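Next come two complexes, and both contain chain A; in the first it sits with chain B, in the second with chain C.
Let's turn to the complex of A and B:
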């Protein structure tokens, strides 16, 4: 061997790695990310990092109301992430969560506006649920259908569907705007509360939290304990193997995306029917995209997603609080959360690969 | 009456950021990197230019003191540097660390848009103005400078000559990119990397280097789109979120042109025209219809995507390795 030609370092795929080292690497990455965030914050505010972290903490936990808002944000983000996970497990890159949520937002609102007061309220709520779930499911299944038939690129297709849905919402906002000329809808059925989902006790956000918890369990069972879940994993590992053992890959695509879209539909339903009672073009607020990152960071494990969605929702609330207190821009939270995401994405490399340095020639 | 003479220049102004963004993204995608961070990169390019221009304007104070060369080059250098760093970060994560491209790209977009709005907001506070925007009137004049006789040269002058220099730069870059991809050896090798990296690797092409170069240069081109938007189109006025969804529209345009930058010149004009068509079509009291027009570029793109996958013509397909990481030992 020519010693000069040997590279200084090369990369080897790890065979197996203990879960202790995995969490060690992740903890180091999070620590490094927090240190970077602290440095950035320090440079921008000039305040000492400890008090900034205190402010971040207060942003979520200072009052009971804030804790509920945090829980609500975590729940919605978690639901959308749960929707993303099954499709990603089979390497179907659905980045259309935003659109699937928006179209079901539109479906829910239209039921509330068109049917409110004309039929019994209980029936209205049932129709609303069906409409929202169906709208999300259909919206998600369209790209899956084309992918299964003609191998149309699903990443680009789902991405485009987001904006079609958003523009549809924008269109109907102008059609239904009230008062005329305001450019927004306002609270739908404010006085009559037609089509509003029931509130559990005095807690406005409790319903969302419960639904999120139930869905987490269901998706966990679906992905890990069911035949469908197993098929997803096989398709994700190797489409050819899946075909060989008789899995109809196209059917799995469509079926899984129907499920993904339906779960996104529930998120849209809960936002309009449960908490916000209005429709805006920014109601999803980029959470369809954030959910992709949440699901990815948790390795599509529903339990892990509770933590990652909590982390991102917590940070965004906290950074918002820092921004308010120090007179910074609210976009500060986007910068902090993306720094953390960069580190977490980057650290996966060290879990999967090992760097071997050149050994000195003897 | 449909006023074509005023319609076309406005469509061109809408089209230029899209053209630059899509040329950059096409170059990137030809290397197999699906960079969904383009919207963020365009924001970073824009705000970096704004920061450069802002401090330059603070220094010179008035138009008389400003030097045309510096007024153009300082914002442009800042813009290129900012978008280069974003492209480099994307490459470092996806090529060197082999992270998932979609997730990295989405994170870059979150970061870029946040970065833009954050520093935009901070600069607005620094100026202490009442309106939530920064006006860079001095550097704007140099960016929007037109040929002195263009306005007088009749219809031809108004439609073809009457733009700031970045419009022509955008067209030249698109033509150069097209030439590079289809007529040069390096372009061929770049396409090989995007189609089948392991074959390219076996043929002795440095896959990682091509991916880095294509993505970083592509990001810089896309960043110029952001710069054009602020400095020329928006008259040097930065306001948060004004850039909007144009970055995603640029990605749509890449598909619409079937990965051909030269087609992008006309296609971007079409997208730009669709974007402002509602202003020129009598809608009466029906304001809602404009939202449907804004939807049109995305619907058309979906149709193109479906049609190319139906027809299965090999030269019209996305790069075969688009979005996939490459690791030599994975076989």
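Let's turn to the complex of A and C:
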């Protein structure tokens, strides 16, 4: 009988999937994303797709300087992602990484501007570190406190805190602007280098890379080996189970977010004190949000996050390079980044589910 | 009617082993020998999940109109999967389905309904804020939205089959049994004449079960085909004409209920001879362990959940707690274990040295730190008792991870405990590092109970400890509870299967709407006494 028995295709949730298949699917998605980017660029600009791929590569690897910039980008993104991981493992949807970074950017800058030259430089740097870490931690702990006390929605709360932080930065840029009327701060303490974090050898970005590496190890140990890490995993899986065994859920929320915010604070500190030495409203540049994706794609595993942050930093550098090389504007690089991100997020569906096609009768 | 039937069922042991007379059966002989075309014939059905889990293998069953068929099998034997294929939720990999002798392909629940096949699932899918009628006509696009006409039809259906249902009642006001009625009327309203009920009695009191059975008999008279998925043997014997037995996804046999008995069915279902007795050793010098006095508890919404309840839990004894679902059982256990705020009254723990401490206002951690060895096997195993995504080792650690100084957890001891639980309770798992949610229901429960008794408790609270478990696993759990009882532990068993409660518990506390309806002696009471106390305070005349 040649009757249709089953629907043509249906979706099945996967039971378990090996990490090899996961990365296979992602590799395919990246390939598809790059192909689509090439096609879009070709259709819109008429440029040759091969040279587009080459440009993406060159965006990160054409020179030693570019490789260092890539490494710096990866490191900052990785640090912010490491901050996201414990909160997300706890199912605390913290999308306030951006704000937590910005508020510590503000804290670092204000230390540099207001205390620079007035106290010994070593003391200034210590104060700077404490201020940045504390600012990030407090900024993150406020929504956690409200959630534990009044069960507020942390997603909205952390999102709103981003805007507050960014506006505070904008306000102080006007106050401290130099030269007057430029609407910018410029390089802080350019001549005296007060409050600048020490540079290791001749490598401007090495400090950031080392800090990121150390943090990766620490966060890995915290999440997998410590009692705190175990508690937050239980809270994330089921608050009811946590209460059942006597974990104080609210306290875990606040404690974990203090840690998250503190790590974001380190990212802000490194950006202002270590590399950029200035403060702009776009310094975080959306990395607080990209970090969520980095952490998510690696299933909150710090080691996996090294790869995912590298991947995203590389692709966005490449997209930017394509836009400049081919004389296109910034919006075009945004289009390319969006295509890449669309494919990367979209492929998660195929990691969770499988599409089964009807088997033809023999 | 109830008195007479009660008399017959009272002695369950006898009921199980003595072959039943076929008086109630309505001449099933002629019906199948008639060579009539069956209402449904499923032939050579095979269904495999994920390319490896074989849920059904070459299963063939058929059912006539005017017949009640029981589908019997342990958990995971493929009963529900098979019926889901009939109701359009899954598609079989191979095999054919015929309805009234015509081969059909059922690709969605809608297809199934068009063929007159309706399934009542275990979990009801009703909109709480709507009335019965609104729920019933929900999603019927072909019909004009005419509530009055619809209500009239609902009434007519109810009258015809003997349902008790008010079409204007809102679902949130309904008892579980009324909700079930709505679900059944819903498929009847859609003109289904082949009905599948998935464990319909799991949530009903004996009285409600009888009403349901009366309705099912009316449907049978109306020439409908009824399939019941169940693992309660006495119900199979009571209601069905025929029973088809599945084991590990395969069809093992079809029996005429009038010619079989519980022992035979169990043996076929399990695949080997099983002793059906539950032990009940005499309690050894019981002494009060937990004293509950005038306990009053309100839910977060301010509803009175427990109202002035007082009783004592003794060591060395199994205290059964009976009640219709949601009569305050959950709140009671959670109040004792420190998870539920208490409005009034007291819960005191009396240690072996006779020292009395109040547990009011303490959270689980405080209670543990006070040295009260209280274990709790909650109803929601994977949502509360265990963490589904964690492996056995990490789940064993839930109670003990704080042990030792320092910031880091030590997984050596939990690993040893996990190994011990796995070996002594014969937990079937691919390995200690498999997430527990991948284990079968029985094994999940073994892990949970194993962990809770590993801490050498003096009080063991269990809520629906055998719900959804197959016969083998259930008996493992009963044995474990008896072992604890003999060790002198005060065991509390909240159960829903009265037959088991009556065989296992030394005393039975009956709750009715949050109030204490009575305390009965497990050895001298019977199912109908308990049942009527569950529905009416103090028993009285039920109905």
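Keep in mind that, in the parts below, the second predicted complex is superposed on the first by the 339 of 362 C-alpha atoms of A that agree within 3 Å, B and C clash if a C-alpha of one lies under 4 Å from a C-alpha of the other, contacts with A are read in each partner's own complex, and residues count from 1 in each chain.
Going forward, contacts are C-beta pairs under 8 Å (C-beta built on N, C-alpha and C of every residue); 3 or more make two chains touch, one makes a residue touch a chain.
From a predicted model like this one, the values you see are computed outputs, not experimental measurements.
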Is A:237 touching anything from chain B or chain C once the two structures are fitted on A? First, second, both or neither.
second
Which holds for A:22: it touches chain B only (first), chain C only (second), both, or neither?
neither
By the touch definition at the top of the document, which applies to A:246: first (chain B), second (chain C), both, or neither?
second
So, A:127: does it touch chain B (first), chain C (second), both, or neither?
neither
After superposing on the shared chain, does chain C or chain B touch more chain A residues?
B
In the superposed arrangement, which partner chain does A:34 touch: chain B (first), chain C (second), both, or neither?
neither
Give one of first, second, both or neither to describe whether A:226 is in contact with chain B, with chain C, with both, or with none.
second
Quick check on the superposed pair: does A:119 touch chain B, chain C, both, or neither? Answer first, second, both or neither.
neither
Residues on chain A lying within both footprints (that of chain B and that of chain C):
12
What part of chain A is in contact with chain C in the complex they form?
1, 3-7, 12, 15-16, 225-228, 230-231, 233-234, 237-238, 240-241, 243-248, 359
Residue set of chain A touching chain B in the complex reads 11-13, 93, 95, 146, 150-153, 155-157, 159-164, 167-168, 170-172, 174-175, 286, 289-290, 292-293, 296, 327-335, 337-339, 341-342, 345-346, 348-349, 352-353
Applying the document's contact rule, which stretches of chain C touch chain A when the two form their complex?
50, 91-93, 103, 105, 107, 337-339, 363-366, 368, 376, 378, 380, 383-390, 394, 397-399, 401-402, 407-409, 438
Which residues of chain B touch chain A in the complex?
34, 36, 89, 93, 96-100, 102-104, 106-111, 113-118, 120-122, 125, 240, 245, 248, 251-252, 255, 287-289, 291-292, 294-295, 298-299, 301-302, 305-306, 309-310, 312, 318, 322-323, 327, 329-330
